Amino acid sequence: MNYRTVLDKIYINSKDFPKMGVVSTSIPELAKVHPDKFGIHLTTINGEEIGVGNSNEKFSIQSVSKALTVALAFSKCGEEIWNRVGVEPSGNPFNSLVQLEFEKGIPRNPFINAGALVIADILVTVLQNPKEDLLHFIRTISGFETIDFNLKVAQSEKETGFRNAALANFLKSFGNIQNEVDVVLDFYFHQCSIEMTCKELAHAFFIFANEGKTKKGNQILTTSQVKRLNALMQTCGFYDESGEFTYRVGLPGKSGIGGGIAALLPKQFAIACWSPRLNEKGNSELGMFALEQLTTETGMSIF
Amino acid sequence: MNYRTVLDKIYINSKDFPKMGVVSTSIPELAKVHPDKFGIHLTTINGEEIGVGNSNEKFSIQSVSKALTVALAFSKCGEEIWNRVGVEPSGNPFNSLVQLEFEKGIPRNPFINAGALVIADILVTVLQNPKEDLLHFIRTISGFETIDFNLKVAQSEKETGFRNAALANFLKSFGNIQNEVDVVLDFYFHQCSIEMTCKELAHAFFIFANEGKTKKGNQILTTSQVKRLNALMQTCGFYDESGEFTYRVGLPGKSGIGGGIAALLPKQFAIACWSPRLNEKGNSELGMFALEQLTTETGMSIF
Amino acid sequence: MNYRTVLDKIYINSKDFPKMGVVSTSIPELAKVHPDKFGIHLTTINGEEIGVGNSNEKFSIQSVSKALTVALAFSKCGEEIWNRVGVEPSGNPFNSLVQLEFEKGIPRNPFINAGALVIADILVTVLQNPKEDLLHFIRTISGFETIDFNLKVAQSEKETGFRNAALANFLKSFGNIQNEVDVVLDFYFHQCSIEMTCKELAHAFFIFANEGKTKKGNQILTTSQVKRLNALMQTCGFYDESGEFTYRVGLPGKSGIGGGIAALLPKQFAIACWSPRLNEKGNSELGMFALEQLTTETGMSIF
Amino acid sequence: MNYRTVLDKIYINSKDFPKMGVVSTSIPELAKVHPDKFGIHLTTINGEEIGVGNSNEKFSIQSVSKALTVALAFSKCGEEIWNRVGVEPSGNPFNSLVQLEFEKGIPRNPFINAGALVIADILVTVLQNPKEDLLHFIRTISGFETIDFNLKVAQSEKETGFRNAALANFLKSFGNIQNEVDVVLDFYFHQCSIEMTCKELAHAFFIFANEGKTKKGNQILTTSQVKRLNALMQTCGFYDESGEFTYRVGLPGKSGIGGGIAALLPKQFAIACWSPRLNEKGNSELGMFALEQLTTETGMSIF
């Protein structure tokens, strides 16, 4: 089975996919995107590069960025980050405060918002110029120097991000935010506003498929760290739909409410797809369907 | 049975009361108060005034203020305030966010912090000069012109009030805060910082005992409004210990983490007591015990 | 103001009351009752007896029985019953298991199902012939010898009472049921099946209004016990609508899904009303409205 | 790297492993096992069979059986089983009732007790002789005809299984148990009482490693079904420690409070280990450590 053939087929099938789900309106700036955008890019260990649809168009990566910030924090601080955030699926929506209260301010995992805010706090502490350094990291691992924040989106998130402000203050009340709340939120809103194409995102996630090494061969994470981050994406990458994604697709990955999903098969490929229509759990309807077809058609998954 | 005799007896008994409970350290400024302060003041419909112990010493009324702000909001806006806050006991600690999430941003009652923040938001909207007007209201109902904020306490709360900031932002995310979060918090931290003596507080609560009228005869609330506020204090005035207080004491009342408790028997008396040692629910140990003795000795309670 | 006049007025108004709410279908046998039945009976300390509507027709008292069983247990065992069940409002529906899990098998209060099952377990232990003795107790306090179980209703509850079976097993798993689960459930289903008229129920609740004494002058409970049970009914008698009932009506009372409500004003009167249409909280729509009118029209309430 | 070498090393290291954790006392019969038992058996696609320690000693498989019952139900009924039980990690302890209440009787996944009870109910419905047929199924997939229930353990569970009785009744109250509660519980207690050796268990789990085929080549499950069950074990197999197990070990698997863990690497091997000392989440301390060493030493995991 040939990846090109499968992706072409998925792309053709996407035309008939019911226009279910809606574009996120949680951030006004995001609501402006055209709902029928759809692109995929796949990049393999063997050097294949396959893109279909709007795979070279920038979109807001939103929570997909959480996989990249935790990778950066893990590479900088090692296992000690798990003292402040767990590795368990939460079983709750991504922005829930309930669990945090029962668990005294230790977020279940770094992919729910509370956990990502703790990771943001860690990065604000350890990075010299947090926002610039994050951009630099993502440019380095992906090899694309033009990746940048969308300042309008960041500003839009700031103006409407009361739930995240609630989470950050709540974490601070438990002592699990060390910097100023506003500084951490500013970093977090910027990280979510990053815009990338499917191709760029697939290349960034390539390090997770390639035992920690970039396309150019730079070792960013150790083999062990990559395994652990992949494990984390498998169990927690899709909020309270992580089990469903694992069940249907069987690849570690991370989604965002911009409609992006990045996933990978260890030692084989990294892939990113984008379709802004979201299901009620906040994951891309068509994106999940596309990835399910990929693993079904190729018979390739981690299981 | 004579009130003076009972209060003297309670005061004498207080000397032997075990020094249980600890002064609240949630706000650094509050932690400075001497733990063994104890005072009571009782004021009756018939004009009796009885004070024992440190009844003329100022203390931080903290959440006792919630009964006064809801009275002011009720008098200004009537029943419509219940569209934004409920009248049910919460069954949870005063600063819990859990219930708020399940109930989509409508706090259970105006005496948990979330509900008090909504009342604060209402007052910020309807009052010309919110902070000044609140002071004016409390001075008017109590008849004491010197009642004031303690600005150091207000500032101290601001610097450490991350849980309240979380609640306010959370409410805002549900659309149940209409003003700027910072403005509402500033009002709230000031209301909590108000300092009063037992005598002043008893006089302020006199309106709840006297069918809405002050000592001087000004009708502040209607008879019906007073009944409803008393009902609310009865079921919700002591956080998740409201049932216990009703069971042991049987009077409508409101407590604060400054160690103050104000209570009343309709058409008979209003009373305020103060002892800063708190039990684990955040209510004054000795204060509750004193009021239990009062109703036991006199046989007077609403039941 | 004359009680007869007020009750007649309430009865006339009831004709125009919107036919809101539905008869409980949780137990098939209960669903057979005519939805438009409506009766009230009021009995005063001064010996007045006033009945309107279907006040002499039997209905299933259901959870109203919980006030009677806790009274019996309290009279037999005293304060130690509170080691196994609390006195706090639950803030949750009557048959919730959630809180029980967090609180390790100690139900919040004796009026939620879990708490009533613990009380049933206590009675099964301390009574010689539990079911007969309970009947005897209710006959004694009310003065009506014909009060009895409805065995068809008891059987119907048994066949469909899986939620209660879940609660009882759950309590047993925490060690807070000492007898066989089936024996406790049998007692509980019988107690709920008791049928009484409004008049009989008002007379039974008379002991709560009359400082523990029956019409005939027998002292069943101490003054102190009565106050405490009244306090408990005030804060917990109407499930997660207890605050609303206290706010609107301002009398201690207890409701059942048969549509009955019994309430009282200490030292004045006991009252029972019955209308089978329930609101979504499981309380009688018209019954609550009737009692609200009573306290509004007479100006009499505990507040 | 040679499996024999690794297992020998793990076995030697186990001697120094701190004697942390305690044998489950939830079932009196289970509490009798010697805490220091330890065995591993690994069976590969290539026909290797490696056992160390007490690998040929029977133990109570307990919840490991849930992976086998869901496999049987899946093979009989296909995808429709997911209408009655989900595929999401629960984020809660294995015997929690809380989530079930919020989610109206649909258990999160088939590996928490509530979900396993629903699967038991399905099997009771579709199997001719449920208990015998289950035994037959396990004997067939493993190739060991002597596998059997331990009737004393089954009886012991019945006498103390109030939490499971609560769950079953609760499910029944939501209509998600179709057979008699007692019949379903009887089946469930028997399934948990099954005794197997590490070798037998590894052979039973071999079908999950071998694309649905037994050692003898019988196709029990389709390739697709196996992938999905592996996915499910990955995200949900270790209760609220599933994330931790995935993070540390990176293999699909299932644990039981008898101290057993069965796991597998697709297309490579199945493995079972046994050590009765449990951590606070109810998983075998030494078992998890052994499997972590295995994947660390061999570098083999699904990630």
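Which chain is which? They are A, B, C and D, in the order written, and residues in each are numbered from 1.
Here is the rule we go by: contacts are C-beta pairs under 8 Å (C-beta built on N, C-alpha and C of every residue); 3 or more make two chains touch, one makes a residue touch a chain.
These numbers come from a predicted model, not from an experiment.
The minimum number of touch steps linking chain A to chain C comes to 2.
Where touching is counted per the definition, chain B and chain C have no chain in common.
The greatest centre-to-centre gap from chain B, using C-alpha centroids, is found for D.
Averaged Cα coordinates give chain A a centre that lies 32 Å from the centre of chain D.
Chain C and chain D have Cα centroids separated by 47 Å. Measuring from the averaged C-alpha position of chain B to that of chain D gives a distance of 55 Å.
Those residues of chain D in touch with two or more other chains do not exist in this structure. Going by the touch rule set out above, the chain pairs that meet are A-B, A-D, B-C, C-D.
On chain A, the positions that touch chain D within their shared complex are 86-92, 99, 108-109, 223-224, 226-228, 230-232, 234-236, 240-244, 246-247, 250, 252, 266, 296, 299, 301-303.
Chain B meets chain A in the complex at residues 96-98, 101-102, 162-163, 165-170, 172-173, 181.
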